[in-house]
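Both complexes below contain chain A, partnered by chain B and then by chain C.
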Partner chain A sequence: MKTFRFLTTVAVIAMASALAAEEPVQGGTLNAVIQPEPPGLMLGLIQNGPTQMVAGQIYESLLRYDTDLNPMPSLAKEWSKSDDGLTYTFTLQDDVVWHDGAPFTSADVVFSVDVFLRETHARLRASLVHVASIEAPDDKTVVFTLNQPFGPFLGIFEVGTMPMIPKHIYEGTDFANNPANNTPIGTGPFKFQEWERGSYIHLVKNEDYYLEGKPHLDEIYYQVIPDAASRAVAFETGQVDLLPGGSIENFDIPRLTAMDNVCTTNAGWEFFGPHSWMWLNMHEGPMTDKNLRKAVMHALDREFARDALWNGNGTVAKGPVSSVTRFHEENTPDISFNPEKAKEYLAASGYDGETLRILPLPYGETWQRWAEATRQNLAEVGINSELVATDVAGWNQKVGAWDFDMAFTYLYQYGDPALGVARTYISSNIAQGSPWNNVSGYVNEEVDALFADAAIQADDAARQELYTKAQDIIVDDVPVAWMLELEFPTIYRCDLKNPVSTAIGVNDGLRDAWLVQN
Partner chain B sequence: MLGFIAARLVKAVFILLAILVLNFVLIHAAPGDPAAVMAGEAGAADEKFLQDLRERFGLDQPFAMQLWTYMRGAVQLDLGYSYRQQMPVAELIWDRLPATLLLTATAFVISIVLGVTAGVLAAQAQGTWWDTLISAVALIFYATPLFWVALMASLLFSVVLGWLPGFGYQTIGANYTGLDRVLDVGKHLILPASTLGLFFTAIYMRMTRASMLEVSRLDFVKTARAKGLRNSVIQRRHVLRNALLPVITLAGLQAGQIVGGAVLTETVFAWPGIGRLMFEAISQRDYNVILGVFFISAAMVLLFNLVTDILYGIVDPRIRIAT
Partner chain C sequence: MKAFWFRYRQNRGAVIGLVILALVLLCAVAAPFLFPRSPWSMVQRPFLPPFTMDGLPLGTDALGRDVLSGLFHGARVSLLVGLVSTVVALAIGIPIGALAGYYGGLADDMLMRFTEFFQTIPSFALAIVLLAIFQPSLAYVILAIAIVSWPPVARLVRGEVLSLRHREFVEAATLSGQSNLAIILKQVLPNALPPIIVLASLMVATAILLESSLSFLGLGDPNVMSWGYMIGAARTVLRTAWWLSFIPGIAIVLTVLALNLIGEGLNDALNPRLRRRQS
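Up next, the complex of A and B:
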C-alpha cells in the first residue's frame, strides 16, 4: 500500500512538473522563414500566402477556427444566428484598440466589410453577394443581414478572408496608395516594426493587446531566404527556429526532422485544405473523351507519388472535396490506381496515340518530379505525353488560355465546398483568362443545381445530402484527375511551443506560441 | 582624347535608348502579365480584380502607348513603379545597390588580385608542377557551376564547420553598430564574395598566364634580355605590362556587371542585392523592375567599356597614338 502511495505521489509530482513545464513563458525572439518575400503587408489589399503569414499576426478578424473548423472568438466574443438563417449578430470584445491607440468599434467592422473589402477583396466579394446589409446598432454590436440563407456564412470570418481595417485611417482615401499601407496598423497581437527589403520583417509584441498575458513572444523576425536549400541550412545552423509548411523541398524534410530538438506537425492547414489535381481540358481535343479521362485517372499511382515524392505526407484524394473540408464524402465511385482498368477504358476510348501535353506546376523540384512520374504512369498504360516547361507567369497564361491537355494545379478549399470547391465545377464559372475558375470546361446542369441549392441551405444535414450527390456525379464524370490532399509539415525547434493551434496554423497562431527560455 | 570621349558618350545614349526599347519589347513578348501573377498569388481572382490591377498599372493601354509612357519617364530617369513590391523602382534599386556593390566589388578585387598573381606565378614557373597545380585548380573553379560551389561552401563552412554564416547580409536582430557592424557584415561577405570571385579568378589566371607566355616570346623581350636587364625587371616592366591588355578588357567586362548583381550567388546566400531583385522580378513579370535593372546594368556596361578604352590608351601608348 505504501509503495502504491509512493508511486502515486511520484506520478502526481511528475505530472505537476510536466504541466508546469508546459506553462507559457513570456519573452523571447522567434526567427521564422518567409518565402517568397511578400509584396506588401496590407492584408486588405494583398492576400497571397506570405502576406497572410506575416500580416495574420498584425490584423485580426471577428473569428478564428480550431483545427476541426469550429468558429472561436477573436475580435467577436459572441455571435448568434437567427432561426431563419438570415441574421447574424456579433458582439465585439471590450477594450480593443488599434496599434495607433484608437479604439476599435463596430463602425470599423462595417467599413472594413461593406466599403474596403467589398472594393478590394475578390474572394470575399463572391460571398458578400449574399449579404443584404451590415449595420452597427451600437459600438459593440454588428448585424449582418443576408438576402437568403448562406450555409458557409460563419466560415468567412478568417483573418485572410475578412481582416479588419482601421476606418479612421482609410475612410475617404485612395486605398491602394494610402501611405499607411507601408506601416500596417491592425489590432493583432504583434505590431509592425521594420521591414528591410530583401532581408527581414520585424514584428514586436503589442503591449496593449486585449487578451491578458498575450502574446507571449517579445518579437518575431521573418527572414527572407530565397533558395530552398539555403532555408534548410538556416534551420540546420540554428539561425531560424520555424520553417512554415512548404518552406523547404520535400527531400530535405527527413534530414531536418531527424535532428535533435526538432518537432513537426501537419496540422494548421485545415481551413485551406490544399487539394491537388490535373485539369483535363474538356474544351477540345482528346480529353473531351470520358473514357480517356477515366483511363488517365486509373493510370495514376498516387500512393507512389505521396510516398516517394511527398515523403508520405498527404492523403490520396477520393474526389473534389478534401477530407478536411466540411461535407466530404468518403464513398465516392472508385478512382484508385488500376492499370488494367485504365487499359480497358483506353481501349474503349477514341485515343489514337497522339502525344498529350502535360503542364507541370512550376513550384519547384517536387512538382517537376511529380509530372515526370505521371508521364511514366501514363506511358505504362499506353498514353503518350510530353512535359511543357513554363515559369509561373507562363503557367498562368497557358492554363487561363486552356492551352494544355493536362495541367497540374492545387487550390485551397476554405473549409466549405461553397467557398472553395464549387468554383472549379460549376458551368457559370467557365471563362478564359483565369487559372482559378472552371478551367476544365466541365458542364453538368445537375451539378450546377446541386451546388447552387447546397450553398443556400441553412441546415447542415440537407447540405450534406446535396454535396454527396454532387461528389458522386463529379467523380464519375472525371473533369479533373484528383491527385493528393496535400500536407505541408511545419518544422520547428521543440523549444517553440504551440505554434499551431488553429485551422490556419502559423498564419494566426503565434499569438498563443511561446519559447522555452534556456 | 576629349573628342573621342564625347563621341563615345553620344553613341552610348543612342545605344541605351535602343536597349530600352528592345528590352521593353522582349519582356512584353513573354507569356503572362504581372496582374495574372499577382492574382495567382492571391489564390483567387475575378474579372474586376484583374481589370482593376491592369488599369492601375496601365497594362490595359495599347502596347505603343505603354512603350511611349515608359520611354518618356525613362529619359527623365523615372523608372516607374514596381507592381509587386508596391514602391518606385528607383527606390527599390537604390535600396539594393549598396549590398550588390559590396559583394561584386569585393569579388572583383579578390578575382583580380588572386587571378593575376596566380597567372604570373604559373607563367614564370611554366612546365613545373607549380604551373600544373595552379592551372588545374583554376580549371576546376572555372568548370564548376557557381551555384554548386556556393551550396558546397555554405554546407562546409556553415553547417559542418560552423565558422561562417551561411546566408544573409548581417546578423538579424543583433543591431550591431560601428566596428561590430563592419565585422559582422564582413563575416557574412566572405562566403558569397569568395564564391563569386573564384570563377573570375580562374579566368584571370588563365588569361594572364597565356598572355605572359605569349609576350615573353616576342622580340623586344629577347632584346631586353640581351641588354642584360634583370629578369624581375623584364617580367614587371615589359612582359606583365603588355600582357595586361586582355586582362583589362576582361576586367572592364566584369566591372560592367558589378551593378547588375550576381543572380545565383545572391540567391543562394540570400544576399539582398540587385541580382536577386531581377531574378524575382522576371518570375513575377514585374516589368518596370526588370527594365530598371537592365537599364542600370546596360548603362554601367557602356560606361566601363569607355573606361576600358581609355585605360588601353594609358597602358599601351600605341593605342594612344592611334586615337
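Up next, the complex of A and C:
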C-alpha cells in the first residue's frame, strides 16, 4: 500500500512536470509595470530604459542574444563573416512585413543603419566608424564591409542598439518631428495600439508576425504607476503580473517573492551588465593619491552591502569588466574587503584627515543607505567623509563638473568591453560636462593603447589577452572603486511562462512568453 | 521665583513634562559618554529585534546600527535644532514685532505686511523650498525652520507692545528723556516677556517636529543622526520591522508632549490671573 502511494505520488509529480512542460497556449492579456513612463516609444530616437522595455516588443533588429550573449536569429535568419573579419553578410527572414503591411526588405536595413541611426543614435554611431559601407545586393541580403576588423561587431545588432526603422515612413522626413513617432511602426511581435498618458500603454498581438504561432499573448498593458510602494501593492493585489527588474524598491522584493505563485529570475540583464562603482576624482584633490584610492577600495565591505541592501542579489565586482560581459578576467589584483590592508595603504598615503565628499546616487533608499554604509566603512579605517545631499539634476551637474571626491554611479556594459567599458577608462573620453564618460579623469597611455588595439582584433583569443592585460593594469590603478555587479530580479506571476529568454530579458522576451489559462 | 515655582507645580502635567524633558536632556548630554562610537557604526547584523541581544537593548536598524545609540545621539540633534532655531526665530520676530508695535503707522504697516507675506505661505512647504535651494546641512535646516517660525512671534510681540505702549510707566519713561530704544528694551519688552516665553516653549516643540518631518522626507542633513531620519529610513520596512519607526516616533511624541506640558505650566505660572487649575 505504502509503495503504491509512493508510486502514485511519483506519477502525480511526473504528470505535473509534464503539464509544466506542455506546449505554449495562445491568448491572454499580460499586465506589466513600466517605470518610469517613457518619454516616447520611437526606439530609433529614444533609448532610455523604459522606452527599450516597451519598444523592444514593437521593433526588432537583425539579431537577438541568448543569456550567454551568443547571437540568435531575429530579422536575419543567417549570417556569415569573411575570413579576414572585414565582411559580414546577413540573410533576412522571408515574408516579414511592417505593422502597416509594407514588406520589410534589405533597403530598410540600409536606411535604418546608414541614414537614420547614424544620425540619431550616438552609441551606435561610435561603432559605425568601423563600418566602411552597408550594401543590399538583393532584397534579402545585407552586406556590411568594415574598414578594419572590429571585435564586438556581432554584438551591436541588439534591438536597443540597432532597431529597424521603416524606410517608407521616414525617408526624407525630419526624423525627430515626424508625426509617425507617436504611432511607432515596427516588425515586432506586438503592435502599438494606444497610449493613455499617465495611465497605460496598450500593445496588441501582431497577427502577421513572420514566426508561425507567435506571439502567444493577445495583448500587453504596460501600467504607469509612479509610486514604488503602489507598484508593489499593484502586484500583490493582482493588478499587474510582471514587475521588470528595478521597478520596486529592494526591500519589497523579499515580501513579494515570498507570496504564493510568484516566480523570480535574475537573468535577462546580461547584455546590459549593470556595473556599479564610485568615481574617484583624479583631477584634483586627495584622490589623486593612488595609495588613498587603494585604501578606499580595501575599506569597502561590499559583501555586506550586497546582503543588507540588495537582498543578496549581485556579485562583488572584481574590476572594470563585469563577469557577465565578454572578456571578463577573474584573476585581477586583489581588491577585496580588508581593513588592515586599507590602513596600511592609508598610512602610506599623503592623506591628512580632511573630510572627503561622497555623492550618493539619488535613486532612492537603497543608494542612500549604501552611501551611509560606505561612509562608515571609510570611517572604520580612518578616512573622514560626508554625504552631499543632492537630487538627480544636482547629481548630473556635480558629477559632470567633477565637483566631488567620490561619487556613486552604475553603467551598462553592452556585452563587450569595447562597447561599454572602454569609455570609462580611456583618456580621449575625458570631457567636463558629462556624467557618463571618463569622469574620474584616469589617464594611462598603456590602457588607451590596449583598448584601442583590442577593439580592432578579429580573433577572440587575441582580444582576451589584451583585455586581461588592461584589466590588470586598471585594477592596480584603482581609478574608480568598483562596488557590485548589480542584479535586478524580474518578478512575475508563475502563470506567466518564459518571460525571460534573452540577454535583454523582458525587453524583447515577451515574444516567446505565454500565459497559463485558468 | 518661589511663587513662580509654586504656581508652576500646581499644574501636575507641567511637572511631568519637566521630568521628561530633563530625561531627554540627560540622554543628550550622556550620549557621547554612553555611546562613544558613532551612531552610524554598523555593529551587528541588520534588523535585530529589540530585547534579543545583550548590549543592544533596542536592536539594530537596516544597516545593523545600534538603535539605542541613534536615539541618544538623536536627542542631541533634536534639542539642538529645537533650541537654536527658536532662538534665531525669536531674534528675528521680537525686533520686528517690537518696532511695529512701538512706532505704529507706516512702520507697523510695512513690517506687518512683510510678516503676513511669510504667514500666507504654508510653513512646511516654505521650509522644503528653502532646503531645496540651500544645501541640506544642519545649519541650513535650523535656519530654514527659524525663517518659517518667526512670524507668530512678531505678531505676538506687536500685540503686547501695542497694549503696553500707552501705559503710564512708558509715558513716564518718555518724559524722563529715555531714548526710544531704551524704552523698548528696558520698559516694554520685559513686561511683554511672559507670553513670549510660553510661545517659545511651544516653538521648540514645533521645531523638533519640523526637523523630524524634513529628515523623514530626506531633506535633513544626511550626516546627522536624528529621530526624523531614523523614522524616514525605517518607514520603508514598516511592514517587516515596525519597531524601527515606532521607537524614535515615541521619542518625538514624548519630547513634544513634554514641551507642550511645560508651555502650559509656564502659562499658568506666568499669568496668575488666568490660573485655571486650582486644587
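One rule holds for everything that comes next: the second predicted complex is superposed on the first by the 499 of 518 C-alpha atoms of A that agree within 3 Å, B and C clash if a C-alpha of one lies under 4 Å from a C-alpha of the other, contacts with A are read in each partner's own complex, and residues count from 1 in each chain.
Everything that follows uses one rule, which is that a residue touches a chain if its C-beta (ideal position, glycine included) is under 8 Å from a C-beta of that chain, and two chains touch if they have at least 3 such contacts.
Just so we're clear, the structure is a prediction, and the values are computed from it rather than from any experiment.
Asks: Just to be sure I read the superposition right, which of the two partners does A:A308 touch: chain B = first, chain C = second, or both, or neither?
Replies: So A:A308 only meets chain C here.
Asks: Have a look at where A:K398 lands relative to chain B and chain C in the superposition and call it first, second, both or neither.
Replies: After superposition on chain A, A:K398 lies in contact with chain B alone.
Asks: Return first, second, both or neither, reflecting whether A:E236 touches chain B, chain C, both chains, or no partner chain.
Replies: first
Asks: Which holds for A:Y221: it touches chain B only (first), chain C only (second), both, or neither?
Replies: After superposition on chain A, A:Y221 lies in contact with chain B alone.
Asks: Considering only the touch criterion stated at the top, classify A:A389 as touching first (chain B), second (chain C), both, or neither.
Replies: A:A389 contacts chain C only, not chain B.
Asks: Scan A:N498 for contacts with chain B and chain C and give back first, second, both or neither.
Replies: neither
Asks: Between chain B and chain C, which one contacts more residues of chain A in the superposed model?
Replies: B
Asks: Please report the chain A residues shared by its interface with chain B and its interface with chain C.
Replies: Comparing the two interfaces on chain A, one with chain B and one with chain C, the shared residues are 391.
Asks: Flag every residue of chain C that touches chain A in the complex, lowest number first.
Replies: Residue positions touching the partner: 38, 40-42, 46, 62-64, 132, 135-136, 218-219, 221-223, 233, 236-237, 239-240.
Asks: Would you mind writing out the residues of chain A in touch with chain C in their complex?
Replies: Touching chain C: residues 249, 251, 254-255, 304, 308-309, 360, 365, 368-369, 371-373, 375-376, 379-380, 386-389, 391 of chain A.
Asks: State the interface residues of chain A toward chain B in the complex, per the touch definition above.
Replies: It is residues 29, 31, 36-37, 39-40, 46-49, 122-123, 125-126, 176, 181, 196-200, 202, 219, 221, 223-227, 229-230, 233-234, 236-237, 239, 390-398, 400, 411-412, 423, 431, 433-436 of chain A that touch chain B.
Asks: Once bound in the complex, which stretches of chain B touch chain A?
Replies: On the chain B side, the touching residues are 30-34, 36-50, 56, 84-86, 92, 95-96, 99, 151, 154-155, 158-159, 162, 165-170, 172-173, 267-270, 272-273, 276-277, 279-280, 282-285.
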